[in-house]
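Order of writing sets the chain letters: A, B, C and D. Residues in each chain are counted from 1.
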Amino acid sequence: MTYEEVLKAARECIGDKCFACPVCNGKACGNKLPGPGAKGIGDAAVRNYEAWKKVYLNMDTIYENKPIDTSITLFGKQFDYPFFAGPVGAIQLHYSDKYNDITYNDVLVSACSEHGIAAFTGDGVNPQVMEGATKAIKAAGGLGIPTIKPWNKETIEEKMQLVSKSDAFAVAMDIDAAGLPFLKNLTPPAGSKTVEELKEIINFTETPFIVKGIMSVKGALKAKEAGADAIVVSNHGGRVLDGCAATADVLEEIVAAVGDSMKIFVDGGIRTGGDIFKALALGADGIIIARPFVSAVFGGGAEGVAGYINKIGEELRDTMAMCGATSISEITRDMVRR
Amino acid sequence: MTYEEVLKAARECIGDKCFACPVCNGKACGNKLPGPGAKGIGDAAVRNYEAWKKVYLNMDTIYENKPIDTSITLFGKQFDYPFFAGPVGAIQLHYSDKYNDITYNDVLVSACSEHGIAAFTGDGVNPQVMEGATKAIKAAGGLGIPTIKPWNKETIEEKMQLVSKSDAFAVAMDIDAAGLPFLKNLTPPAGSKTVEELKEIINFTETPFIVKGIMSVKGALKAKEAGADAIVVSNHGGRVLDGCAATADVLEEIVAAVGDSMKIFVDGGIRTGGDIFKALALGADGIIIARPFVSAVFGGGAEGVAGYINKIGEELRDTMAMCGATSISEITRDMVRR
Amino acid sequence: MTYEEVLKAARECIGDKCFACPVCNGKACGNKLPGPGAKGIGDAAVRNYEAWKKVYLNMDTIYENKPIDTSITLFGKQFDYPFFAGPVGAIQLHYSDKYNDITYNDVLVSACSEHGIAAFTGDGVNPQVMEGATKAIKAAGGLGIPTIKPWNKETIEEKMQLVSKSDAFAVAMDIDAAGLPFLKNLTPPAGSKTVEELKEIINFTETPFIVKGIMSVKGALKAKEAGADAIVVSNHGGRVLDGCAATADVLEEIVAAVGDSMKIFVDGGIRTGGDIFKALALGADGIIIARPFVSAVFGGGAEGVAGYINKIGEELRDTMAMCGATSISEITRDMVRR
Amino acid sequence: MTYEEVLKAARECIGDKCFACPVCNGKACGNKLPGPGAKGIGDAAVRNYEAWKKVYLNMDTIYENKPIDTSITLFGKQFDYPFFAGPVGAIQLHYSDKYNDITYNDVLVSACSEHGIAAFTGDGVNPQVMEGATKAIKAAGGLGIPTIKPWNKETIEEKMQLVSKSDAFAVAMDIDAAGLPFLKNLTPPAGSKTVEELKEIINFTETPFIVKGIMSVKGALKAKEAGADAIVVSNHGGRVLDGCAATADVLEEIVAAVGDSMKIFVDGGIRTGGDIFKALALGADGIIIARPFVSAVFGGGAEGVAGYINKIGEELRDTMAMCGATSISEITRDMVRR
């Protein structure tokens, strides 16, 4: 199944809010929420996508011709690629009834772990979502990252116990989720956390802890102070705050400020192996891609996921070959220009 | 009544020069005057709108989760929000006969004061306009700001007496109004004022005095020298000078030069709570919004005004929550980037 | 006759290469030559127009309210406005047979001189063009500027004698005319001049001498060395060189380098009184406008010319009033921003 | 035959992947490969084209009027112009069966050599391509540049022997060709080379050696270290790496770093004599143009090639005349601006 075929199949069953576009750039879905669109006037997702296009690659093919190694080690686990599938929640609300949060995570987590990467899973007000997600991760030998919303302390502790049992190699909290329009005023309540509150949660957690939703040096320093093992430079795909900057435009300054002390992931509009290479060259340790994996699951199930992983993996390998990097650690800042 | 419903209703009765667009950005009305369009080639209103879109928000949700307080105190009065409804004149000329200047101000002033903000009222060659406006403000307990055009001294003094009787908590003069095409060559004459002339008027006035229509540091320093209590960084929505800069692009340098000595308002293309937040972060003390309130009055009367206030108030609250500011005074320059 | 009416009438008779557009910005005519289009890919005229739009006006209405004086003195003559009608040649080739070079100049020179400004006249291979132009200027009391192409020395001397008899208050040479596609390989030959050749011509000429077609500091310094009394920062409306810069983008550095030693004119896409103000604020002493005067003559004859002069004169007066300049000499660099 | 006529004729026979567009800017062919399109999202060719449009010419016609000399000397040979026809391979795959690699090179090499320039020839997995190309160059008195792909050592040595016999005045290797999608996984294998491997190849070669496909200072320094006589600043027309920079945007820094030690060619979106002038002013010694020569051959054979050479040669001459350069060596950096 080519990715074009997967997209075509997805268009038949992904609902009327996502168009499984040839290029997933946030333009067709615009500001439609529910659906995959962005918040407010809806251009933050578009800005995310376009910011990567303004980073240019420095081609250089004078180097030793040897196999390209795209693998990385993260929190003691080795992966074939430096990219991960992003967390998605409320699947039926935003897409269609073909999948629900539980069946979606089942397919995604197992397919990712079988093809050398790992998936983040989403969270929901329904406790069964996290139960299903952690079961799927457990079944995949812990190769998955449960993502917990910034609930109140009691709810977080309950969910963390599920995480512990799953042997998940890492856990994340999307601290920006409070801005999701459909999550407001729900029970249990979700909201911002102080450094102290985060520190308490992180201390309570034995698994490496990833704070997702950092968009400034100030925020990164607070995550560091709270003891995070990693952060995700992310604006939630433009879905939590109208008018926010593109992730590609803030990544570099955050790397400069805290890149030595924590692992840094980035997401937002990353769609190709070339984009992945650019993010790595700007200092990211890991890349998260969300929406294209939704199309992959809806359009091709496990096979669709494998196809997309292979597609962008091959693009990454090709980009590395054309820029003279034969391993991920050889990708350096001077291989891109702005 | 949602704001979409208000706009839909407005389209039925607002005349053929305004289109009550989903996004009020100056594009559809272009350079059509009379009507809400801008002067000359008509792109100054568009530029105003777009300049705010080029200011980006720095999301940060690591902070104490507590209620968001959007209130401000201005000239001894407390308001629920830092925004105000702007002055509009010649309602029948620019919109339709559904309202005239007097009935429009009646609805707007009372609805604003009942929902925690205040409205500026416009002026006209017909003395009844100012008489009606000041009566409406008096009825609202002084919670309104009469705006006087830069007439000759005698006319200003007459109008100031009406202002005094109204208990208005502040008064404004739109010193840039001389550039309005339809105000030229009218009786009484309107025109520019020297610092000395302004000083004389301000000294004569007991009410806090706002000079509206400042677009440079030089102009701001002159207003300060004349004793103004506040200025409005404004180009009159692009209606008085073709080719002028966007207000968002001059605000910051004016704040840097005189922000400690006077209150600084800003208007021009501000449409959402996110825009309001950006203006505050760039140093404004108060925000003025004009055209959307016209649509609100035409489309929904007092209910329409209340709906729009709630809409952008909620957006402001949401933006503050996503950027880590729980009160207006906590909104700082580092919460936005350009 | 309004300018809209003039344009409408022009569309009936101006030929099929000019569209007498509401906004004369080089887009509709594109790269069509013959016709008013630009050379090569045809975007130099568009660039000229758009460059003025990127210069913004600093509104300031705190100043003494007194009549606006738009007059200037140039080479001992006083004019009502700082703008001039530009030279146009080969009228029938580029427009239509309604006018030829002689009848066009007759209308333009007299109408301009009667309404307080002066016209430049064009040149041609046909000697009658310059004979007619200088007669028209003579009839206008010398209030016109004959423009001679950079012919060989003998031809220039013959034409200069006609200029002398005309009492023209100044004379110009468009040294860039050699790049005109339809002027190549004609008799007499036209081409570049050395500083020494220009110096000889200027020494030979008693009338103030204007070198038209300067686009760099280097070129301006050469014109100065040759003894020019003035230069015109001009790229011939984009008609002589594809890919050249916009005049608004080179004006300021040329003014900085030679502005004290010569008068500096500028042309290229200047269409409104606001554009004129911007050029003056950037340091120009005089402004030249060409194409809109063609539409004015074709659409309204002398009346059309008067109407256009009044239109942009009024716009200039209005812009001065809104920026706090009551005379041309009060227009300063700080009244615009980029 | 005008170039418009050549294009029209080409549209009849050039296949369904190239549209022989009036302006060859990479937009119509987009990312379609096979075909003349670019790789990935397909905007690298567009970017190449547009980057030259953002370099502006500094017109200056004050200089001695004398004949314009466009000739250059390169590796001991004199050419009428500083531009060359670029190498194209797999003609039938990308265009149509009207020509194959051998017949295409036959027409192109002879037509170029007869009209004062030289052509680069392409390479292929089929050994007959290089045999045919070198025969054509031999027949043209060595006035052609065979381009060898970065094969394994044995294959290169075989091909170099053909080059030697052809008396080619120079030879090139497109070291970036490994990124061509349709060249991957072929036999013989192609891939990157180390500096040492390149040095060995260059030492083995008596003919001046050109390394094609340099896009950074780092790459240029490696080519220099390997002993290259010249480099081509090239991204293979956007066909080997999605997301790479425009050649016009990297040329100048490469010239600054190594321009004294090697000849520097540049290609990518250069279409007119004005573009050629810009590249020379930015420091290039030679310019390579590829796709328009394909249209020329398909649309007009030898006559089409001659017509295109004359067209852009005349444009170059005209641009030089308008910028005050009467020989190629007089073209300097101050004749353009960015």
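As a working rule, a residue touches a chain if its C-beta (ideal position, glycine included) is under 8 Å from a C-beta of that chain, and two chains touch if they have at least 3 such contacts.
Which chain is which protein? Per UniProt: A, B, C, D = L-lactate oxidase.
This one's a predicted model, so the numbers in the text were calculated from it and none came from an experiment.
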item	value
Taking each chain's C-alpha mean as its centre, the one farthest from chain C	A
Geometric centre distance via CA averages, chain D-chain C, whole Å	42
Geometric centre distance via CA averages, chain C-chain A, whole Å	59
Chain contact topology (line, ring, star, complete or other)	ring
Complex contacts: residues of chain D adjacent to chain A	40-41, 43, 150, 175-176, 178-179, 191-195, 198, 211, 213, 215-216, 218-219, 222-223, 226, 235, 240-245, 249-250
Chain C-touching residues of chain D, taken from the complex the two chains share	23, 53, 55-65, 272, 274-275, 278, 315, 318-319, 321-324, 334, 337
